[in-house]
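Okay, so here's the structure we're looking at.
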Amino acid sequence: MIEAFYELFLSRYNYWMAIILMLIGLYALIAKQNLVKKLIGLNIFQTAIFLFYISFAEVQGGTAPIYLPEGVDALYVNPLPHVLILTAIVVGVSVTAVGLSLIVRIYEEYGVIDEDDLMQVVRGR
Amino acid sequence: MKVKALLAVLFIGIILFWTVEDMPAFGDPEAPATQYLGILYIESALPDIGIENIVTAILASYRGFDTLGEVVVIFTAGISVTLLLRRGGRL
Amino acid sequence: MRENVVIRTVSRLAVPFIQVFALYVIVHGALGAGGGFQGGVVFASSFILMIVAFGLNSVRKRLSNKWIVVYSVLGITIYAGIGLLCLFMGGNYLEYGVIEAILGIPHLHGYLLDAVEIGIGITVMAVMTSILCDMADKGGESS
Amino acid sequence: MIDHLPVLLIAVPILSALLILLAGWYDRRFCYPISLITILLQFGAAIAILLEVMREGTIRYHLGGWAPPLGIELVIDSFNGFILAVILFLSAATVVYARRSVEKEIDPEKRISFYVLFQLLVTGLVGMTITGDIFNLYVFLEISSIATYTLIASARRPRSYVASFNYLVLGSIAAGFILLGIGNLYVATGTLNMADLALLLPASYGLATVHTAFLFLLIGFSIKVAFFPLHLWLPDAYTEAPSAVTVLISTVMAKVSVYALFRIVFTVFTTAYVIDTFAVTGFILFIATVAIIAGAVLAIAQNDLKRMLAYSSISQIGYIMFALGVANQLALEGGLLHILGHAVMKGCLFMVAGLIIYRMGTSQLSDLKGVAKTMPISCAAFALAGASMIGIPPTIGFMSKYYLVLGAFEAGQWIYAAVLLVGSLLAAGYIWRFIEIAYFGDHHSEDRRPAPAREGPVSMLVPMVALALLCLFLGVFVEVVMEAVRPAAMLLLGGA
């Protein structure tokens, strides 16, 4: 029993962390009314996916993927997910920048940040 | 609204929890991800490109087209913020 | 505005060092951890510090909108230009090996990577500064 | 230079987008010509590539000279060659249409940024279509998504900001799921190249990781495609966007998202997986028919012309997903035909709506009584494209539905085939509603003097009429189109 528990939980704790963080971010993204909090939820959701990518790149005892003097035969971490995440972070920043600009504009036009009030104001106008 | 969100999130959560046991263990050297491309990149980066940082080698040379797309994404975000926020001005 | 003086003197000291560190991060991409994206953002953070400390006009004077557009276009042109250069040298797009083969300079592949990283750094610096300047200048009443 | 065409299709437009920015900074009038020339060049290159693909089969282009598992490759086979030609034809028609429409709706100083983003959107979509690497598909998806969020809000109408923000939130959830799906695929197989994935996946079909990857990719792309239950962003986005942007995203972007979904379902997870291991096609078929009916019913209930056409898009996407649900040769041929047909039809209908807004300033159906008298050509084009939407022979709309029904019969899905025909009747409902208002609307208000015909500018009329006639022309000469569609459908089903 302990072996199964270790197998499922302890040896894969990184996936649990990523999943829990992702659910928190997704919940905030959907349920939060304040538009800025929605964006914060979006950032948490994206960061959780980055954590998921970086965690499965880990190799037991591997160092950072920068060549040591003994070159190829040292044990390195898998470099590919790190590259993908560098790209994904830039995407996250760009989407957040556009999202914040839209919020600034919405606040200027309607003077309200909360989604429920926004719906009334939009319908009212 | 909140309950609906909670249900959606739990549904997504169940799918994710369902997959964890089939994932390779944390740091497992035999994981297919590291066995196949990971080692291939580590072995071929030094002879092919000859720079120390493998991540930069992949980022700029092996998957250079991705990074070009990335710079275009940043550029698009810059132009988008300018279009949305800037008043007056030439752009 | 007493505390303003403190912020201004500290940032006046800090900005040059941030920019030198940013250049180090950009150029240093091939040897250790670093690269165009990270370095560009660090360089942009020096301008953001100036916006916070000295107001938007000081940044506008150093980096007017015209120059921001020029730098953001310049960075991508360097990147795409080197890609097309490889094409004209007979290889595929972005195939640096072809240029190294033709020009025969050893380690040219690495140097081209550095040039590309510098291009990325320039664009990221220009775009991040442009985004922050637009956000700081939101209502058109630049402080 | 010919064998470098695939990459030039992306590299040159990026540089021309920069040129638009620089030239526009110097003088605003340069923006439009550069964008027009670039997209026409792209279209020419797409035709050349399609012909070469039909002659010599799949083209592979190794970027950076690295072989696939290490580097990224561009792959153009008969399927995405066909899609490439369709989307670039529609982009060219939209660019020609956009000039006057943009002059009317976008403030002068915003036009430079508008055309830069317009060019980046088209290039991002082209990149999505021809890339052979699944992570590269995500990067180009993000380029086009960010450009779309901003273009929707570029008319600076207050409601467009809200529509754009909602689309940004839903689009980012979709992008997150797609990224998660790609991550799971990479964990299960260890590669990112689509062809490689198709080879390595069968070994690990049993893994829960692969099922999750498929589910997340399906949900992610369904949001992007606006497949019925996940379509909430579409009506506001299409209605609040400027007319030229609505035409572009309703035709080109919708079709590229559908292409990406088909590519993931049929090329990466081959039909063996979709039908046997993870039997989801029956479910997709059911949801598709619900989409057809619900989209059409909601369209009938609308009072705004653009919103009505937006809901009609949701119904039409149901037809294409119907083909994915049936997943046999005939149905796929119908689906691909419908991708082309719907792009042409919907492009024409939204161009008519844009012209009406250009002239009348409103798209509320109640204000458009007797509009046929003042805008005869536009309403005639609407009628022709609407006939094709309903599926009246010999238009292309009829042809695609004909193949879809044949495919459904062959797969023994009589009920769904019947529902598909009911969908066409419902489509007649909302098309006839506009025609009735436009042509016979002014009987009640006698004071309506026969106003002089005030059609839109020629540069907007020509592409609209061309698309309307194309609905008829493609239907009559459907065999010509089938030459490109048949090998594409075979390829999807794992054929040669």
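Think of it as A, B, C and D in the order they're written, each chain with its own count starting at 1.
Assume a contact is a pair of C-beta atoms (placed from the backbone, for glycine too) under 8 Å apart; a residue touches a chain by one contact, two chains touch by 3 or more.
What you are looking at is a predicted structure, and each value in this text was computed from that prediction instead of being measured.
Trainee: If you tally the C-beta contacts, which comes out ahead, A-D or B-C?
Mentor: B-C
Trainee: Between subunit A and subunit D, what is the gap in Å from one C-alpha centre to the other?
Mentor: Taking the average C-alpha coordinate of subunit A and of subunit D, the gap between them is 29 Å.
Trainee: In whole angstrom, how far does the Cα centroid of subunit B sit from the Cα centroid of subunit C?
Mentor: The separation of the two C-alpha centroids amounts to 22 Å.
Trainee: With chain centres taken as the means of their Cα atoms, state the distance from subunit C to subunit D in Å.
Mentor: Inter-chain centre distance comes to 36 Å.
Trainee: Taking the mean of the CA coordinates per chain, how far is subunit A from subunit B in Å?
Mentor: Centre-to-centre distance between subunit A and subunit B: 11 Å.
Trainee: Which subunit C residues sit where two or more other chains touch them?
Mentor: As it turns out, subunit C has residues touching two or more other chains at 32-33, 35, 37, 69, 76, 80, 83, 93-94, 96-97, 131, 134-135, 138-139.
Trainee: Hey, what residues on subunit A touch two or more of the other chains?
Mentor: 22, 26, 56, 66, 80-81, 86-87, 90-91, 94-95, 97-98, 101-102, 104-105 - these are the residues of subunit A that touch more than one other chain.
Trainee: Please output the residue numbers of subunit B that touch at least 2 other chains, ranges allowed.
Mentor: 16, 21, 23-24, 31, 33-34, 37-38, 41, 52-53, 55, 59, 61, 63-70, 72-77, 80-82, 84-85, 88-91
Trainee: Line, ring, star, complete or other: which one describes how these chains touch?
Mentor: complete
Trainee: Please output the residues of subunit C touching subunit B within their complex, sorted ascending.
Mentor: So the residues of subunit C in touch with subunit B come to 29-35, 37, 65, 69, 72, 75-76, 79-80, 83, 93-94, 96-97, 107, 109-110, 113, 116-117, 119-120, 123-124, 126-127, 130-131, 134-135, 137-140.
Trainee: Taking the complex as given, what residues does subunit B use to touch subunit A?
Mentor: Answer in residue numbers: 1-2, 4-6, 8-10, 12-13, 16-17, 20-21, 23-29, 31, 33-34, 37-38, 41-43, 45-46, 52-55, 58-59, 63, 66-67, 69-70, 73-74, 76-77, 80-81, 84-85.
Trainee: Applying the document's contact rule, which stretches of subunit C touch subunit A when the two form their complex?
Mentor: Going through subunit C, the ones touching subunit A are 32-33, 35, 37, 131, 134-135, 138-139.
Trainee: Would you tell me which residues of subunit C are touching subunit D in their complex?
Mentor: On the subunit C side, the touching residues are 66, 69-70, 73, 76-77, 80, 83-84, 87, 91-98.
Trainee: Across the complex, what residues on subunit A touch subunit D?
Mentor: 22, 26, 29, 35, 38, 42, 45-46, 49, 52-53, 56, 80-81, 84, 87-88, 91, 94-95, 98-99, 102-103, 105-106, 109-110, 118, 122, 125
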